[in-house]
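Here it is, the structure, as structure tokens.
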Amino acid sequence: MPELTRMTWREVRAAAPSAIALLPIGSQEQHAGHLPMGTDTMLAEAVVDGALERLGGEPEVVRLPALPFGHSPHHLFAAAVSLSAATLQAVLADVLDSLGRSGFSRVFVVNGHGGNDEIMRLAVKQYALKADVALAACSYWAIGEPASPGHAGLFETSLMLAAKPDLVREPGPRPDVTPPPLFDRPPYPGLTVERYGEWARVGGSTDDATAATAERGADLLDRRVAALAAAIRAFASATREHAHTEGEA
Amino acid sequence: MPELTRMTWREVRAAAPSAIALLPIGSQEQHAGHLPMGTDTMLAEAVVDGALERLGGEPEVVRLPALPFGHSPHHLFAAAVSLSAATLQAVLADVLDSLGRSGFSRVFVVNGHGGNDEIMRLAVKQYALKADVALAACSYWAIGEPASPGHAGLFETSLMLAAKPDLVREPGPRPDVTPPPLFDRPPYPGLTVERYGEWARVGGSTDDATAATAERGADLLDRRVAALAAAIRAFASATREHAHTEGEA
Amino acid sequence: MPELTRMTWREVRAAAPSAIALLPIGSQEQHAGHLPMGTDTMLAEAVVDGALERLGGEPEVVRLPALPFGHSPHHLFAAAVSLSAATLQAVLADVLDSLGRSGFSRVFVVNGHGGNDEIMRLAVKQYALKADVALAACSYWAIGEPASPGHAGLFETSLMLAAKPDLVREPGPRPDVTPPPLFDRPPYPGLTVERYGEWARVGGSTDDATAATAERGADLLDRRVAALAAAIRAFASATREHAHTEGEA
Amino acid sequence: MPELTRMTWREVRAAAPSAIALLPIGSQEQHAGHLPMGTDTMLAEAVVDGALERLGGEPEVVRLPALPFGHSPHHLFAAAVSLSAATLQAVLADVLDSLGRSGFSRVFVVNGHGGNDEIMRLAVKQYALKADVALAACSYWAIGEPASPGHAGLFETSLMLAAKPDLVREPGPRPDVTPPPLFDRPPYPGLTVERYGEWARVGGSTDDATAATAERGADLLDRRVAALAAAIRAFASATREHAHTEGEA
Amino acid sequence: MPELTRMTWREVRAAAPSAIALLPIGSQEQHAGHLPMGTDTMLAEAVVDGALERLGGEPEVVRLPALPFGHSPHHLFAAAVSLSAATLQAVLADVLDSLGRSGFSRVFVVNGHGGNDEIMRLAVKQYALKADVALAACSYWAIGEPASPGHAGLFETSLMLAAKPDLVREPGPRPDVTPPPLFDRPPYPGLTVERYGEWARVGGSTDDATAATAERGADLLDRRVAALAAAIRAFASATREHAHTEGEA
Amino acid sequence: MPELTRMTWREVRAAAPSAIALLPIGSQEQHAGHLPMGTDTMLAEAVVDGALERLGGEPEVVRLPALPFGHSPHHLFAAAVSLSAATLQAVLADVLDSLGRSGFSRVFVVNGHGGNDEIMRLAVKQYALKADVALAACSYWAIGEPASPGHAGLFETSLMLAAKPDLVREPGPRPDVTPPPLFDRPPYPGLTVERYGEWARVGGSTDDATAATAERGADLLDRRVAALAAAIRAFASATREHAHTEGEA
């Protein structure tokens, strides 16, 4: 699996016209009492690396190092290392612009943290207006059969039990809070609702994690990996005309 | 229906603690050869005003004038009047901040243009971190039973035939283009895909509008109006603790 | 009167080379106890629409929807919906840039709110350095025989009694304050003087409105309308060389 | 005359509560073939220093060093050293903020360059919203009996013949250009009109300078100096309540 | 070695008052034909992890994940993934601010890339003005007995042969260029000199790497590790008063 | 000595292709109880003007007016007039950009204030990436045999006694503070260390100035002048290929 960080610059430039550059983005933020700060980054990387292994080099992908920090202002009450929305927009714009200048015409961003989602989508839209490229973006839980990932609950805890079991502590029961948090179950379908102080009020997770198991996690991870591999293949195929052999570039 | 633009400032301040401030946002951009530039603004306002009429003042809503310009950089090839992403973010941040300072603790944003969607969601998230408020945001087609609105196709043309029939010209057939545009049908479920020059290449609409009728439009509009009315009621009820009588404020 | 919001994009592009794009800008801010929040926007639109009607299509003007929000930080104490100076600069820069890209080479901005004045003038200066265009800008009270509009006093109240009589409440007498506000009567001719907290201290208006009448307002409005019509004609004539027939564009 | 640059910080802090801080701002830009780049800065300083001498220390003024660079984008075709509008706004905001933190509650800005005018007025308005201060701003030609200063024409050349005779070269006749420039004589009273490339087209000056004399300049300078002295006195008197003895501060 | 990414948020908050937060920053940029893109990041991490191991937990350090991207605009000609100066400033400001909010009062930044140096120093200066913290910053080659690291030459190649031997390709001889590059040997001691297009002109490295050996690299690495360990100890001791036990915080 | 402020624009443009533009930058900030606010600006100008006199016109230099304000946020507690880092970056970027547009291909910045150092170096690096120019930057104490200038201590006081004796008051003894300030003597060589509130705590100077004499100052000044003259000559010679006769430009 070609990793940009291990390649020389000539290898990168040689790969750029035909390869897809893939950027994982994550976060460092609270994940309740039982999951580590880097959970979102680790899971994005686990899904990405699984998918790339499954693809076996076809299509050709150059994987960038993950951006370990994300947009987590709602978790600053609890030790997050957070980039502001403007900063994350600037980082993504600069990275996409750099890749375009290096000769890449196809870029794929895989996100592991809900708070990055809108910013990532905006970033690929912006860059597609500036340069003659094709870009894809997804949050790893939302492709194929989309999952509701929650935060530090059953979904993420199961995945971490499969991907990084030594970093998972025993989850405690999730406290009941009244009124229930709005980000979790919006009061009407399709509505985004935000309320001040919600995360601190509910103790940092969206749902109970005590039923999480490594088996469930392995199954979830396998489906995510398969979906991402399929999505990369589909993107490669739909944007074939954006790949060039070096001679044409 | 209390409209902020027609109220005196003392009326606004008196209403602010208990009322919901509602801001429609739209765009001025190409809508193929048969719909007017202001389509998105007009439809957002039609749905908003229909819902407010249906609610009959319960819950109390103060309606702001619609922002007539949106984020339409992908339509600048065709006479859009577009705000950059940074500018629209700044406008929404300033408007929300103003409303907070005026004493509103509940704000509802209704969007009529796809390109505004991420920016609107970011804006309400940002503001919910700054002030002790509750905010809701939706694109009018995405609430209740969500619709795929397309652009200048069957959905919007039908709605305009119901809402503003005198502004609809005869739609021509939509040209076939190869390869098909990616924004329309992403190559894998859940993937956002952007490609340079896509809108110019496909001629400005996502699907054929020739089957649009005023009847279909009236039905669609009625469902949207009902859904928004229900969503406002649900938001009001779920955030009741954020409403204050003036004495408490 | 061609309104951009009602035109299709092809109609806009066809008109752009020879027409003047006209943008009204206003505000939503306190106007004492008797005038509505949208006073400045309504008056800018009343003068603009009166002038366009009087011109009868010669010269050709494409009227944009009014920007309903302006720069009113000095009225945030009283329920204004205000854009910061930087935000309003960005909005105007984006709108002018969009119009230039759409093919307009002549733009005319008409302002209804004192706080927008410097920002509007800066915006047209900036854009005239970027693109081969001619731009005009004015506050509606300052053209022809310039008036001192005050704020929520005799001038604006009379105009509103003529333009929107149903929205005018009974004005109370203006409180005497000591020392008198500096924005009103600068201590030396030609000096701009600003003092912290001045608007809150004086109760929100610059002069007494109790003598306002609809007759006086109708006369003022008629003169403003005539002056703006003459100014548009003069601008069109002085910048004739910037108008192109579509063939030349 | 107390100059901030020559005072120790304790002297500055001791003066701040009761003194007026005075900031001259200028430019470095083309002034046709006969006047130096620094004309605007030199004239602002000449008027300021003349007025301060005439005032003889009453009211107390702390003079800052002049900002030698201004906003001159329209003269970049001809060797200007120009700050962008955003940069000049930031400089003025930072300087005003610094003065406020140093204990000054009254600030007076004197401008020597037309292109700085709106930005200076915006800056004092912004700062008066942030801190409990009183601020005045003027362009030196616009106070008292206002003059139309033109650019590198009769007015400025006469003043320079009085203030810096050794730096004035022989002015050539001003070329006739058709159509006449719009910034000079707007086509309708009260209209700001800007046209692309105007300054380069007219050769850099607004009117003929050949009739300029040192006598006329000495008279103009004397009237400007008297007006500024009177304006400072009037501002000091109108804002007396913002001056504090050190004990109160 | 406590790594933030593997800790729960409660562990981070418990450590914050007394521990030093340590952030490595690197780059992804050309390193001639024989070193990988991630060289600077890898070397910063190698020195940091060596030093932390040597310190054995005294003083207590919480290590953040390395920022894998840096400010490399001068290498964009050769496939760098670069953040602009403004973006890197924003990232560092946000990370430092997050750490301060999490309760850290001591932060140490270790840099692996010359282009980040000024920005890193600015960032710690800025943050020390905002919050009651103590901060240290260094480029790993500049502490203790400072080395001139060059770029992709003898120094870095030797270090990489010791730290990541499998990623080092055979270096070719460095081309002679006339005139010699200025960044390398400034024409006068103490002068920073920059010339357009210099890096592309000289082929991407500052000096010949063919004499590099793993032995030399191991010795250099050992000295860097020892120096950083000593620097961390010295910083901890000099800022002891900024460490708090949790009870005091 | 050609000073930009005294030249006409045609003289500037004629000189630009072959001359070096030289910009001094300083500050207005506390210098303990005995030196004036403008010390850094005055010393930068004294060294620059001495060096230009010594060079006698060879190489050709166009001297700009000094920027009298610098980045002094750490002295805002004591009456500094400070530009933020972002503002100073913008000012330098705009000035360098203006000079490039005027035809200069060689620029030399001489700094008199420690707090400007990183920002100045960043600015020349940024501009060398944008335009085909060569730039030099130095702080006047750091060239040739570098000195540790301290702040308001022996070095600066001696220089001021030589350059501006009438502005130097009697220095008092420097107070002992415990712990000693970190900016002064970093706890480990090569480490930048910043601590909140340090300057206010130590009373505004880095070392005792009571031993300063005019003789020592004259000697220091002479060496600085000689070093800067040599540095300018060396830069001119090393960048000869960037100088153009007007015909080539």
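The letters A, B, C, D, E and F name the chains in turn, as written, and every chain counts its residues from 1.
The criterion applied here is as follows: a residue touches a chain if its C-beta (ideal position, glycine included) is under 8 Å from a C-beta of that chain, and two chains touch if they have at least 3 such contacts.
Since we're looking at a predicted model, the values are computed, not measured.
Peer 1: Given the touch definition stated above, what is the smallest step count connecting chain C to chain D?
Peer 2: Each step joins two touching chains, and the minimum needed here is 1.
Peer 1: Moving step by step between touching chains, how few steps can get you from chain D to chain F?
Peer 2: When the steps are counted carefully, the minimum from chain D to chain F is 1.
Peer 1: Could you pull out the chain whose C-alpha mean position is farthest off from that of chain A?
Peer 2: Between chain A and the rest, the longest centre separation is with D.
Peer 1: I'd like to verify one number: the distance from the centre of chain D to the centre of chain E, where each centre is the average of its C-alpha atoms, in whole angstrom.
Peer 2: Each chain reduced to its C-alpha mean, chain D and chain E end up 47 Å apart.
Peer 1: Report the inter-centroid distance (CA atoms only) between chain B and chain C in whole Å.
Peer 2: Centres of chain B and chain C (C-alpha means) sit 26 Å apart.
Peer 1: Using mean CA coordinates as chain centres, what's the gap between chain A and chain D in Å?
Peer 2: Chain A and chain D have C-alpha centres separated by 54 Å.
Peer 1: Hunt down the residues of chain F that sit against at least two other chains at once, touch-wise.
Peer 2: Residues of chain F touching two or more partner chains: there are none.
Peer 1: Follow the ring of contacts from chain C, passing to chain D on the first step, and record the chains in turn.
Peer 2: So, from chain C then chain D onward, the ring reads C, D, F, E, A, B.
Peer 1: Under the stated contact criterion, what part of chain E meets chain F in this complex?
Peer 2: Residues of chain E touching chain F: 73-74, 85, 89, 115, 118-119, 121-122, 124-129, 131-138, 142-146, 179, 182, 187-198, 227, 230-231, 234-235, 237-239, 241-242.
Peer 1: Where on chain F does chain D make contact in their complex?
Peer 2: Checking each residue of chain F against chain D gives 4-10, 12-13, 16, 28-38, 41-42, 64-69, 75-76, 78-84, 86-87, 90-91, 93-95, 98-99, 101-103, 167, 169, 204.
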